[in-house]
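Next come two complexes built around chain A: one with chain B, the other with chain C.
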Partner chain A sequence: MRNLLPVLTVVAALLALWYAAAVWLNADWAYDRAQRAGTTLNFSALVADTWAQDKPKLPAPHQVATEIWNTTVEKKITSKRSLIYHSWVTMSATLLGFILGTALGIGLAIGIVYNRVMDMSVMPWVIASQTIPILAIAPMIIVVLNAVGISGLLPKAIISMYLSFFPVVVGMVKGLRSPDQMQLDQMRTWNASAAQTFWRLRLPSSMPYLFTSMKIAMAASLVGAIVGELPTGAVAGLGARLLAGSYYGQTIQIWSALIMAAALAAALVALIGLAQRITLKRMGMA
Partner chain B sequence: MAWVLAALAAWALGIWANTRLARLPRSRGTGLAVPVIFGLTIVVMWECLVRGLNVPSVILPPPSAIAARFAVSTHILWEDFVQTVMKGALSGYVMGCGGAFLLAIAIDRFPFLQRGLLPVGNFVAALPIIGMAPILVMWFGFDWQSKAAVVVVMVFFPMLVNTVQGLQDTTTMQRDLMHTYAAGYWATLLYLRLPAAMPFIFNGLKITSTLALIGAIVAEFFGSPIRGMGFRISTSVGQLALDLVWAEIVVAALAGSVFYGGVALLEKAVTFWHPSQRGRA
Partner chain C sequence: MTTDIAISAKGLNLTFQTNDGPVHALKDVNLDICKGDFVSFIGPSGCGKTTFLRCMADLEHPTGGSITVNGVSAANARAARAYGYVFQAAGLYPWRTIGRNVSLPLEIMGYDKTDIAQRVQRVLELVELSGFEKKFPWQLSGGMQQRASIARALAFDADILLMDEPFGALDEIVRDHLNQQLLQLWARTNKTIAFVTHSIPEAVYLSTRIVVMSPRPGRITDIIESPLPRERPLDIRDTPEFLEIAHRVREGLRAGHAYDD
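On to the complex of A and B.
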């Protein structure tokens, strides 16, 4: 709560900057129109005009807010124009990709920790795999999977999975290796089997690392789902709204989709944060 | 059938070689050989399976076809590389990271701004910034300027957050020592706090090096001149010229690895004193 005032100040400053930028960027169009109508604009008329254009270069925050209100609360959820419907499409791909990616990540991490060959051969490639800009291949993955008859949710989820497994592998390898030699020796004096060491010592002590990497993985997964929606011809989803908006110059629509995506990311990450707090508290670690 | 058997044989050989190598004491040689053998095994299996199972090349071309395509279209690949990596990604990376670095030093003097900007910056760093791409393409036109702008926006906040955190990473004892030397703000910054911040700064530079490439390529999906890696990938997918797409992917992977490796080498040279670097031979 100590940070509340500074954060609010910064947010207010950003909003003020946004309004000012809207005036500056949209002024050309406003002057243009005034000239054609044969009138001259004084300052207050200019400001009023730049904050209320139909297809502004930069829509003012209240225009975006109105658009979001209109497309979430006022529209039926089943409507193709409802942002909630599009968010749902994106979120389902994000969640599926996130679950797949986390499972793959945990599996790889267990293999890497327990198998020396995997540690030496797979780990460098896991790191190298992330220097490949996977988002660049997203269109190809979608088209190829479509060609073999897989379409809909899964191709997007695969891209999300690829983006989200990496933070989980790195975090879990660190986490599963976090018990120190003394704790491992203690397990040995108790004659614990490998499975018992895993379930009772390694897995519990990796939990803080797992949750931290899951937060990163969730954010990456959403990015993957949004980019995965771009090449499918803008059918549904927040990415499709972005693409359609950019085709038709509907800036207000782009910005509202963007804000929705931001809210979705924030909500999903906050959800994991909540799970983290509850779990760690019950485990007595926080 | 023979190709499939060859793939299985390659797989068995790769595993056998790696298991043997992994049993040897760990050294530079084995540390390098094991991942290389792993990668080679995958490429050989890919080639054999694609041939053996008659996978159509519009779904997955074999590596040999990709290599052949790479060899004959080097001029296209080079043109795309210059457009996307040199003009788009690198210029945006330098501007974004430089700007974030300077802003971090500026707000470091004001704890109030710091407390306000850090949570906001952390929040923004987790957002799907890539969605800004269509807007920026609208503002800055189709050429590389809009791609550089996307990269600037993408790298700015991760870099800002890392630098601000790094600048705070000094102990009271260290700062008191500088105080007893009668060091002013600038001397403390230059000789104590910036060097101490270097591991964080390089962490930011490494994270953002992959982001920069992704940003520049994805921004091209929203409109670009008739060159560039993103443009080539999306149009070649439409023409089902998947070997060219894979050649572009190879270029992107090489560029990404060299970019990341360069930053990592620089980090090694600058932060040689840090425990994470000293541990390695």
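On to the complex of A and C.
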């Protein structure tokens, strides 16, 4: 209860702010319509109008909530208008991209830690890769892959991978290097092989770093999947919903897709948090 | 006591190249350590005592002279797992229980499962930690952790034990207790022990020979044979013999201009 109260207070404050902003941003349109109809609006009529427009600049929270309810619980999952369906499309690309990105990130980190040439040369490229705006490179990835006959899930997953491998590389290089000199010397006194040192010392030491990186990677991966859906004119996925919403000025649809994406990201990151807790507890480190 | 030589250093030199020019960590170090000896190395920081120990362990490579361990080069001795090394910090893996920490070198060396289990039991008994194998390191006190790390160094039956200030981070009372236990352990196992310390009473209490070292360049200034019996109760430290050796060690340190600065 004591933990809940501050959280609820913040949520209530945000909702109040949101409602107030809805009145402020949508008032122009409400006045405009009233003027054309030759009527004047008193304050309560103004508020009622700004919270119930069809295509508001900023939809009120309850409008978004209603839209989410209608497009999740009330729709069949197979329907093209179901947000669950669209979320699933985006999530599958997110997860595939996340797995690929984590694997690539760990692989590069191992290379950087164990190979002097890679240590000197790879990191600048890894950093450079992240300075290129993903919006610029995403269409090219999709076009190029399409030209060689790859379409559908994989191109989106590759864009996700492109964003998600970065935090894993950075975190795992740090993690694999976290054993101190004494621990490495100790391994030497037992004449341990490089593989033994890796599996028994470096990899377990890096676990806290890996999970932290994976949380960031998962969020980045979702952004990648959504961005990957934008330039293709994809017909399914949260990105497609955002795009369609912006074509037709369906702000309520945009906001509900946004909220859905945020909820999805929160759920996926929480899942990694759970895996982290279980793993570290079993390792005796938490 | 046999006269077989366990560790032999001849004209050992080690120079580190640093940005401030070369540093002579060891200069013309000659020493023979007999099997079954308990040899302490004492001296102020920078005298090369740890560096010398690390040379025996093949963790540092001398730039001149030679060092043999069990009659072969230090590198070959390390490959043959001729010694157990105890560091200043226990260095237990937090994700492994005490039992699994002790079994770590055994896993690396490829012992089979039943053998590992027996050895873990035996060495934990030796350091009086039976019943703690399921505990994680953070559940043990600092002294117990250090005992576990000694057990780990003993697990694979190397007949040489190299100890680098193993009790340096522990308080006086725990240290006394562990010193006593270490002597009992040495008597029971008849290992050769090389022990780095900067405590005069500790060195005198434990050793059959005390090697006094001095810095810049790191060198041996005195080697003191202890006339004390191998059986040593704690109150031997109040006897005139004990105090006399301690005095000689102190003189040796002073003669080496160890505390000039």
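Basically, the second predicted complex is superposed on the first by the 278 of 286 C-alpha atoms of A that agree within 3 Å, B and C clash if a C-alpha of one lies under 4 Å from a C-alpha of the other, contacts with A are read in each partner's own complex, and residues count from 1 in each chain.
In this section, a residue touches a chain if its C-beta (ideal position, glycine included) is under 8 Å from a C-beta of that chain, and two chains touch if they have at least 3 such contacts.
Small disclaimer: the values here were computed from a predicted structure and weren't measured.
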item: Touching partner for A:Q186 - first (chain B), second (chain C), both, neither; value: second
item: Touched partner set for A:A60, first chain B, second chain C, both or neither; value: neither
item: Which superposed partner A:P6 touches (first chain B, second chain C, both, neither); value: first
item: First, second, both or neither for A:G284, with chain B first and chain C second; value: second
item: Chain B versus chain C as contact partner of A:A128, first or second or both or neither; value: first
item: Which of chain B and chain C A:L201 touches, first, second, both or neither; value: second
item: Partner with the higher number of touched chain A residues, chain C or chain B; value: B
item: Of chain B, residues touching chain A in the complex; value: 15, 18-19, 21-22, 30-31, 34-35, 37-39, 58-60, 112-117, 119-120, 123, 126-128, 130-132, 134-135, 137-139, 210, 213-214, 217-218, 221-223, 229-230, 233-234, 237, 242, 245, 248-249, 252-253, 256-257, 259-260
item: Chain A residues touching chain B - in the complex, by the definition given at the top; value: 2-3, 5-11, 14, 25, 57, 116-117, 120-125, 128, 130-137, 139-140, 143-144, 147-148, 215-216, 219, 222-223, 226-227, 230-231, 238-239, 242-243, 245-246, 249, 251, 254-255, 257-258, 261-262, 265-266, 269
item: Residue ranges of chain A touching chain C (in the complex, touch as defined); value: 182-183, 185-192, 196, 200-201, 204, 207, 283-285
item: Residue ranges of chain C in contact with chain A within the complex; value: 57-59, 78-79, 81, 83-85, 87-89, 91, 93-97, 104-105, 107-109, 136, 138, 156
